[in-house]
Structure formats: C-alpha cells, structure tokens
Amino acid sequence: MSYTLAVSPLLMPMLSDKDAVQLCSADAELAAILKFEIELAYAQEAAGVVPIGTAKAVAVACAHVELSGPEFEAALATDGVVVPAIVAALKTAVGPAVAHHVHAQATSQDAVDTAFMMRAAAVVAFIRQHIAASHETLLQLDTKFGARSLMGRTRMQRALAITVADRLNAWQQGLAAADAALEHLHFPLQLSGAVGTQDNHAVKTHMAAALELSVLSHTWQTNRAPMLAIGNACAGLTGALGKVGADIALMAQNELAEITLRGGGASSAMPHKQNPVKAEMLVALARYNASLLSALHNAAVHEQERSGAAWTLEWLVLPQMLCATAGAGRLCHDLLACVESIGQ
Amino acid sequence: MSYTLAVSPLLMPMLSDKDAVQLCSADAELAAILKFEIELAYAQEAAGVVPIGTAKAVAVACAHVELSGPEFEAALATDGVVVPAIVAALKTAVGPAVAHHVHAQATSQDAVDTAFMMRAAAVVAFIRQHIAASHETLLQLDTKFGARSLMGRTRMQRALAITVADRLNAWQQGLAAADAALEHLHFPLQLSGAVGTQDNHAVKTHMAAALELSVLSHTWQTNRAPMLAIGNACAGLTGALGKVGADIALMAQNELAEITLRGGGASSAMPHKQNPVKAEMLVALARYNASLLSALHNAAVHEQERSGAAWTLEWLVLPQMLCATAGAGRLCHDLLACVESIGQ
Amino acid sequence: MSYTLAVSPLLMPMLSDKDAVQLCSADAELAAILKFEIELAYAQEAAGVVPIGTAKAVAVACAHVELSGPEFEAALATDGVVVPAIVAALKTAVGPAVAHHVHAQATSQDAVDTAFMMRAAAVVAFIRQHIAASHETLLQLDTKFGARSLMGRTRMQRALAITVADRLNAWQQGLAAADAALEHLHFPLQLSGAVGTQDNHAVKTHMAAALELSVLSHTWQTNRAPMLAIGNACAGLTGALGKVGADIALMAQNELAEITLRGGGASSAMPHKQNPVKAEMLVALARYNASLLSALHNAAVHEQERSGAAWTLEWLVLPQMLCATAGAGRLCHDLLACVESIGQ
Amino acid sequence: MSYTLAVSPLLMPMLSDKDAVQLCSADAELAAILKFEIELAYAQEAAGVVPIGTAKAVAVACAHVELSGPEFEAALATDGVVVPAIVAALKTAVGPAVAHHVHAQATSQDAVDTAFMMRAAAVVAFIRQHIAASHETLLQLDTKFGARSLMGRTRMQRALAITVADRLNAWQQGLAAADAALEHLHFPLQLSGAVGTQDNHAVKTHMAAALELSVLSHTWQTNRAPMLAIGNACAGLTGALGKVGADIALMAQNELAEITLRGGGASSAMPHKQNPVKAEMLVALARYNASLLSALHNAAVHEQERSGAAWTLEWLVLPQMLCATAGAGRLCHDLLACVESIGQ
C-alpha cells in the first residue's frame, strides 16, 4: 500500500512525533476500521443481530484482505471515504452467505469516526506522557535552581525580582491546566447508522468496551462536540507550551542570559551561535494549532444528517493537530532536559 | 464619557445582543473596575491589610470620580490600560492619608481580568437563557411536528426518511452539548500583584465571594486557560447554532419546502422573496467566532510575567465573541419561534 | 439614529483610528447608500433609463428622509440588509409618479457593495497617509542615527553587527511592499441587478466617474476578489507594522537598551516602568487582522447568485480590518515619533 | 533517505496533487538546496568571488553527497534547519582547499527561501494548468448548455431565471481573477547573507537567471511579502473553487436536479446514492486554506534579522497551501469533466 503523497517537510520528525504520526497514518486508519468491523460483528453476535460465526468470518477476512491497488484507490477517490471499498472487499472475502451481515446497520461515518477516536485516545495518552515527563523535569529544575533570583518582567520591561521557582511554577500551572483538559476528554464510539437514527444500546455497550471507548446516549454524527473538545485541548496545550518556548527564547538572549541550554542549533554562516531552536518551534506549533482550530470550528457547521464538506475539513485538520501537539509535548520535554542553568 | 469610536455596522443590533453589548461596553468595564477596587478594599480590611474605613473612602470616591476628559484619555492612550488612570484618580479623591491603601498589593491585570470575569459570567448567564428558550421552543415544535416525516440527507443527497423529531433532536443535542460546556465554565478572580506572586488567600476568598467569582489556587496572569475555556465554549455554541441555521436555510429552499418560516426578509429588487435571514446570520456568526478563536489561542502565548501584546489581543477578541454568541443565541430562538411548519 | 450597540472596549480609540471608524460607522454607511441612489438616478437619466428630474427628486428625498425609529429598525432586522427599508422610504418620499424609478434595475447588493467601496477607498487613502508619515519619520531617524552600530540578531541570538540604517531599511521595505499593495487596490462599482446579470455599461461608467470608483467588465456579486484584495493588503500592512512593533519591544528591553522611547506607559503597581505600549499594540493588531483574514476568505465561498451567510460574514470582518489597519498605521507613526535614540 | 513521518490521511491523493506533493517533498527540497549551492558557486565564479573550479567541485560533491543517516538527522534536529548539515557535508566532500568557498557569503535562509521559491514557481505553473483545463471545460459546457434556463437563487431562495451561461460565467470570472493573481506572482531569489546585509548585484542577477527566479533590490529575509502573496493567491483560488463546489453540491440536490454528474461517490449503507464528493472537497479545501492563511500572516511578524519561530510556522503552512491549491485545481477540472448536464 502506498499513500505517501503527503507533504513531508524535512523538519516533520522534529515538529511532530513518531508515535502520533504512526497512529495518524493511512495504515493505522485502515487497521482501526478493520477492527471496527470485527468488533461490530462480535457485538452484534452477542446481541443476536447477526448469526454466531459472523465475527470470526469477518476477522479472517480482515486478516487477509488486500486494501490497495488501482481499483481500491479509484473507489476511494470516487467515494471520498474509504469505507465502501473496504466493506465491498470484506463482503467478497466472506462469501455470499455472510456478506449481508458485514457492516450491518452501520455506515461509513460510524467506522471512520470510531476509528479516529480509537487512535486519538492513544495519541492523547502519548501526549500526556510527554507532559508528565516535562512535569518531572520541571520539578528537578525547581530543586536545583528554584531558590535563585530571576527578574520578573511585564510588558517586556524589568518589573520586580521573582524567584526561578515562580517562573517554573507558571509554566507548570499552564501544563497542568492543559493536562486536565486532556484528561477529561472522552472518546466516544460512533454507531448510529445511515442517517444517525440507528440505536442499539446493547451493541454499542459491548463494542465500546471492546474498543475502550465511551458511549454517548445519542448519535454525534452531526454534533461534533467530541471532536471540538479534542482540538480545543490540543490547542490549549500547545498554547501553554508556546508560552514556555517564548519565555526560554527571551531568557536565552545573550544580554539577559537567564538560562543556559545544552545543544542549541548551529548556523550555516555563524558557527559561534547557539540558537534556541526547540523553544522557537514551540512558539510555531502554538500558532499553527491556533489556526487549525479555526478550521475545526468551521467544520462544526455540519449540514443535515452528514456533511461531506465539513467532515473532510475535519480530516484535514484534526490528525495534524494531534501530531503537532504530540510533537510540541516531546519538544518541550527535550528542551527542558537541555537546561543547564536558570537564574542567578 | 464618550468612547464610541467602535465600528458599528448597521446590523450590529441583529448580530449581537443588547444585554451582552451593554456588559461589554466601556462604561460597564469602568464600573466593574471600580467595583473591583471597592471590594478589594473591603476584603483587605477584613484581613487587616488596610485600616478600617479604607473601603468606605474608596466607595465614596468611586461614586464621584470623573473618568473622562482629555487628560484621562491621554493617560489611557499612554498606559495602554485604564487602571493606572483610575487608581490615580481614586488616590486623589481619597486624599493623602488613604491614598496608599487604594489598589494595595494589586496590579492592573488583577483589576482588568477580574472586571472581565464579572461581566463574562453575566453574559454567559444571558446566553444560557437564550439556549433554554430555544430548548423550550424545540420541545414545542417536537410536540407539534415531531411525528411528521422528513427526508434524511447525507452529503447533500436524499438518503433515508427520518422523522422531524430526529432532526429536532440532533439540533437539541448540539445545543445541550454546548450548554454543558458553558455551564461548566468557571469565572475566577484575578489577584496576584505586580508579577503574579502575591498571594493572600483570605483576601481572595472574601473578595471572590463578594463578586460571585471562583478562586484559583494559583495566579492565572499568564496561564490563560480560563479565557480560552470561555472562547472555546462560545465557539462551540455558535458552531452548534450554525448547524441549525445551515439546516434551516437548506430546508427553506423552495423546491424542498421542508420548513415554513414567518417573517422572512424582503429583497429590494424582488418583493416576492422570503429570505431566511436569521438562519444565514447563524452561519455567519459561527464562522466569525471560529476565526476569532484562532486569535484568542494565539493570545495564549503570553511571554514572561505579563504580555501586553497577547493581553491586548485578548481584549480585541473575547468581548466580541461573547456578544456574537449572545446574538446567535437570541437569533436562534427568534428563528425557531418563526417556524410555522416542518416536515410533512 | 442610534446604532451604538457595538462592543466598544476602552482602548478602541488607541487600537483604531477616528477617521476610519467614522467612515465605517452606520451613519456613514447610510449616507453612502443614499449617495449611491442619487448617482444611480443621475447616471440613468443620462442614459435615458429614467426620466429627467428623477435624480433631483431622489436627491431631495435623500436630504430629508428619516432613517431611524422602531419601524425602520424592525425592517432592518427582518430583511438582514438595510436597502429595502431605505428604498421603501425614498419611494414614499418621492411620491407615486417617481417611485418606480427609484433604485431602478439595482439590487441591495449593488448599493451595499458600492457604498462599502466608496468608504474603503477613503480609509485606504488615510492609511497610506499614515504610511507616508512613518516613512518620513524613518528617513529622519536614518539621518540622525543610521550610521550607528546595532547588533544584528537572528533566532533571538546575537549574530553580526549591522547599522541602525540596516534595521530601519528593513522596516521601510516592509512598509513599502505593503503600501504598494494598497496603492494597487481598485475599488469597483457594483451594479448588476437582482441576480447579477444586469449590465448597462453607460450607466456604470457615468456612475463610477461620479463616485470615483473603477468599473469591472463583469459583475463581482459572487466573485469577491476585490474584497479579498483589500483584506489581504490590510493584513499585509499590519503584519509589516507588527514586525516593527515586535522589534521595538525587543530593542526596548532594559538589558539591550537599543532604543529609547519618549512616553512609555505607566504601570499601576510599578511607577518606575516605561512600557512600550504602542509597540505591543502593533503586534496585537497584526495577529488580529491575520485571524480576521481567515474569516474573510471563508466568506469567499459565496453560493449561487448571492449568499446571505457569506455576505454577512464579510460585513462583520472587513470594516474592522480597515479600522484596525488604520489604527496600526497611526500607532506606528506615533511610536516612531517617540523614538529618542536608536543604536550606539 | 526516509522522512516519511508526515501525517498521510487516506484521502491525501484526492485532496492534494501528485506533482505538487512531489515538489513539496523533503527530497525535492534537498535537491533544490543543492542546486542553490551549485548555482551560487557558478555565479560567484563569474563575479570573481570564488576561484574558477569551485562550482564544478561543488556540483560533483552534490552528485554524491549522502544526506541521510542518524548523524544527519541529529544535526537537522539540533539546528532546526537543514542547511548547516548540508554545507558541512559538502565542505567535507570538496576537501579543505575548496571548503571555505562553499556556501560563501550565504546563509541558511538564502538557501531555504530560494529553494522554496524554485519549487513554488513550478507548483504555481501546475496550478495554472489546472485552471486552464477548467477554463476549457467551462467553455465546452457553455457551448453545450449555456443557452438553457437556470433558476437564479439569492439568499438560498428562488429569485429570477438566468441562463446556464450566466452561472458558468460567474465561475469563470472567479477562476480568472484568481488566475490573474497567480500570474502576477513573482518568485524572488533570496541571497542576503547572515544578517540580510550582504548585497552583490552581479551574483544575484547571474544566479536568478540560472534558477529562473526574479531579483528584488533588497533583502526580503524579514519582509515576507513575497510569501504572503503566494498564500493570498492560493487562498484566492481555493475560495473561487469552493464557490464552484458549493454551487454544484446545491445544484445536485435531488429536488433541484439542476446538474447531472457522472461518477458520484458511493455510500457504505445506501448503494443508491450518488454523492457529489469532489464538490464537497472543494468547499473543504477552501476553508482549509482560509485558516492556514491566518497562520501565514501571523508568520509575517518576523522579529529582528531572522525569526526562527515565524520561519518555522511558514514552513508548516505554505507547502501545504500549495498542495491543497493544486489539489483543488485538479479536483475542479475533474468535477467539471464529470458534468453530463446543467439546467433545462
């Protein structure tokens, strides 16, 4: 399979995060959709919606189905969503007797939204690990340098002396508030059928347990609040990390010299320089997510029972926001780990 | 006093909300800042920080202080924030013996952030009243028309028949999710002094109770999570209302005729037309807030102990978001109240 | 008339510009629409579309028409655009014989778009005066301080020494590029009728000359390129001015002391401070316009022959961008005029 | 070399464009930077800045240099820009005698900005080919269906009858205006040295000719007007194409049936449906670019002689905008080519 047409700037490994990018890849999306189809069949077996044996047949088909090639790509391009081509392939694979039990009562959006939530939950867990690591490093910096003096600065001017602990504490509070928002996110199963009216509580509960997702009492096919909450929380974190980056870039100015960093970046013209590259990247990622968030909120205007335009916009934005946020989380920890000294 | 230099497009009364606009006006901001100074003095009296009698003197001064004129405006323009000029005027008014107890231990940001939260809480209460009114009207529409048939549409194409209740329910779920976010907002007091390090729990608790605000354990002078939460919740609601507007504009198309509205707008060239003006405005306000939200998240990159640039950006954005959201809330209710018939 | 429901933060006089705000006011919009109706009638008289005497009757009616009161406001709220109510009032005023010649062949969008362009042209002229003033001041600063040394800084680190002239030149280049974009703007007349298909070249040419607007060969009722160009140019200038502001705020840091400013802002808690308020405001306005620009480009998706949603969004955004840009232009000149010294 | 960590949603091949993505890939960027170094050396030879033979040595080194591996990636991550690692590799390859002539007088930004412009010019040429193809198809549609009647619609309501030619013409005008903006773009060479003060007109002229770029009289290292112009033009086109997409999705509604499309997308739950997938994608890409444009304008606030934060933000945004625009250009042509009938 080869869906590698994505823009891949040289610095993507820096600005993003390997684990997050893997979870947001085309391969991971296909795998998650297949898992959706398998667990749907198991849950529907348990509820008596499809005959016993269906799930096993679907699982076997999923293990062998070939989701690539020109025909597959053409179907994808025509349908604007991958699920019809997958379902068609699975139906062929399981044979005519089982075919009509595959993807029963479900629609493309059920599979795609659920497959996204499965992976979003995993990315958010990674992001929270990065925050925890930064938290740990901030505690260590506080132990080492917290009692030192630092000039408090407001509106870019010297104000009153504070301690290093005060500044570290401000960073920590920002991270903690953003982490709390991430912690309170819920990642619901979507399973509402062609026009959002299908409801089978038993199937949903069984399936959500298997996929470690939550269950909402109503369809959220057009109520994108769960998606917005993820985007809001991502932008909340990159904003808080952008503040850390902006502060460190200012502290690292030669005349202020309030911080010493190991491993600053080189310049092609001035070998003597030590650039606070990671700090600057944190600022860039904060502003990037802030703009993507406006696109995500535009995608909340989701007309009728399903908006192809709004949904496509969501796909363009939310995986990127997760990756940028995971990247910023990792960068912040890397940056804090490079601090050799703060204050005096 | 005359701070009427604001852009005032003709349709502002439609696109905004009288109560919200009043609460976001310059006069309301000045009044809230004066209230901050009075309650600060009362709380500091109770905690023994300032002598008994200070608060009364400040209150008397606030009742008579003249906050206008060229000198006042010049100070405002120079300082970039109104508090220094207010404090100077109050100090003069209370006389030299009390002057140094005015605004004790506080800084401009304490007054401005708190004065904003006092009014934001009030605007959000108005917004939630509009949501409750829409909810009520949706229930009535459901009683009258819920059992009727409506064509479910996905990707702008006829899909499967649903009921009017299904569509109304989708709107209701969107409003409920947005309302829950508004309900969970907290509006904290800011009181942290010149560089965010001042902490006097007794004063904060006393003052927050008087102003009906919450208390955070730490300063949030540079951790703008409470501001972002308000903006996120506003955009969340206008997005949900934009979905209602987009749906109604589509339903009102002549060939679909899925909805009949009373009082559509006239055209200057085609008197026969009935334009779904309020529905379109809901879409416009959703996209407006979505863009403003990106500015608000950019303002989260708040360098050092206070960023004049980020803070100013917040001022440009957040009052407007509150007014646009209140306007959309009212418009939605007005629009739903104009529905004469849905479905068939 | 009282359309003062607009949000009016205390600092609006600082962040905006008196002349621009006046031109973007409701009163100015009404006056421009009346002028449109008068010049339309004169041009149609000249082309023989309406009888001689129509224009005079319209002009007399415009001089006396009362565009206010609850009835007028109710019509405005219902129609979502002011023109139908104005036209109705004018038709009544001119009497039955002339009534059907008022606003002949025109539609609301013709009047509103044209009335906007009339005022946008005037605001842009003011903006360019502010740029010219800044240019003049930059030349004076160059004469006084250009030969001095300044540390060139890249990625927030000392790089190589430059001269003050180099830095001033970078600012000047940014202003010049933005000014060129403003200079090349065109402000077209809109006159295309109910569904954009009306074309009367003679009337358009005559009218455009009277209103000092340009003529496009085709309708631009749904092709919003002229609006986007204005927004792009505004954001281009505020971005260039934001760079000046960011530089000055950095230069004014106490430890760098690369610039000395007269009249920095006071702090309510720290009287010793001199805050680079205007520099910070320039940064805030740059980011504000950047976000508004995304809303404006969203408004380019203008469905069918006229989109009420997209058009309303444009109204919410573009007047503000003009005012923010004029404000930034004035602020930059004010800020540069406060420079007492640069470099060493 | 493997820089495949980019997010690659399944639909990227649809939403983007193969040629544009290839030109925005890491490999293409590396190749363009190597070409910059070679042509710099040739131009400097011609101007006598470096000895004859330097360019040949650089060219040979470029042909064989290995730009990959953990060491290279580590340098990239540390420096935050790829040029120092490339220059170091080239210096090693050419040997000590030539090493100090490699990348002489240039800085990383010269190489990166120029390498971007080389590829942006090529992507814009592809985009304009897509526009020309759409233009051609619009002419054919006009020949076939132009005389047919179509209901003109304003504010989502039937207004007055127009012809199919009128609607096609509106689309064509939008494309033409956007194409004109793309045509007038210039793609300048960047060559200004470590702090933007290096100027060697002869070298610049020679090099620009070789790379088919334009020459600006001044450095644009911090004056990002050329970058903004590209972003503005991209968003201008996707906005115009989004209007086409929005119209077609509305026209394709079953009850309106104003257009018949070949090859609409399938639904996994409703095989009878024909979804206007490409039309919806055009709307999504318009809104996507609109939001990215706000990030790009935020990146115009480029502090001092080089802002790592602003520059990184530009990298995150502008290649994507080019790819999204090229994708929209191709999609529009594909969509128009699927039109079987319009109007009646």
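So that you can tell them apart, the chains are marked A, B, C and D in the order they are listed, and the count of residues begins at 1 in each.
Here is the rule we use: a contact is a pair of C-beta atoms (placed from the backbone, for glycine too) under 8 Å apart; a residue touches a chain by one contact, two chains touch by 3 or more.
All figures in this text were calculated on a predicted structure; none of them were measured in a lab.
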item: Chain pair, A-D or A-C, that carries the greater number of C-beta contacts; value: A-D
item: Cα superposition angle of chain B on its copy chain C, in degrees to the nearest 5; value: 180
item: Farthest chain relative to chain A (centres taken as mean CA coordinates); value: C
item: Listed pair (B-D, A-B or B-C) duplicating the C-D contact set, over half by residue number; value: A-B
item: Centroid spacing, where centroids are CA-atom means, of chain A and chain D in whole angstrom; value: 26
item: Cα-centroid distance, chain A relative to chain C, in whole angstrom; value: 39
item: Shared-contact residues (touching 2 or more other chains) in chain B; value: 80, 154-156, 159-160, 194, 245-246, 249-250, 264-265, 267, 270, 275-277, 280, 283, 287, 290-291, 294-295, 298, 307-308
item: Complex contacts: residues of chain D adjacent to chain C; value: 80, 152-156, 159-160, 162, 166, 169-170, 173-174, 177-178, 181, 194-197, 218-220, 222-225, 228, 232, 235-236, 239-240, 242-243, 245-247, 250, 283, 286-287, 289-291, 293-295, 297-298, 300-308
item: In the complex, chain D residues that touch chain A; value: 3-16, 18, 21, 24-26, 29-30, 73, 75-84, 87, 103, 106-108, 111, 193-194, 245-246, 249, 263-270, 275-278, 280-281, 283-285, 287-288, 290-292, 294-295, 298-299, 307-310, 312-313, 315-317, 319-320, 323-324
item: Parts of chain D lying in touch with chain B, wherever the complex brings them together; value: 154-160, 249-250, 252-256, 264-265, 267, 270, 273-277, 280, 291, 294, 298
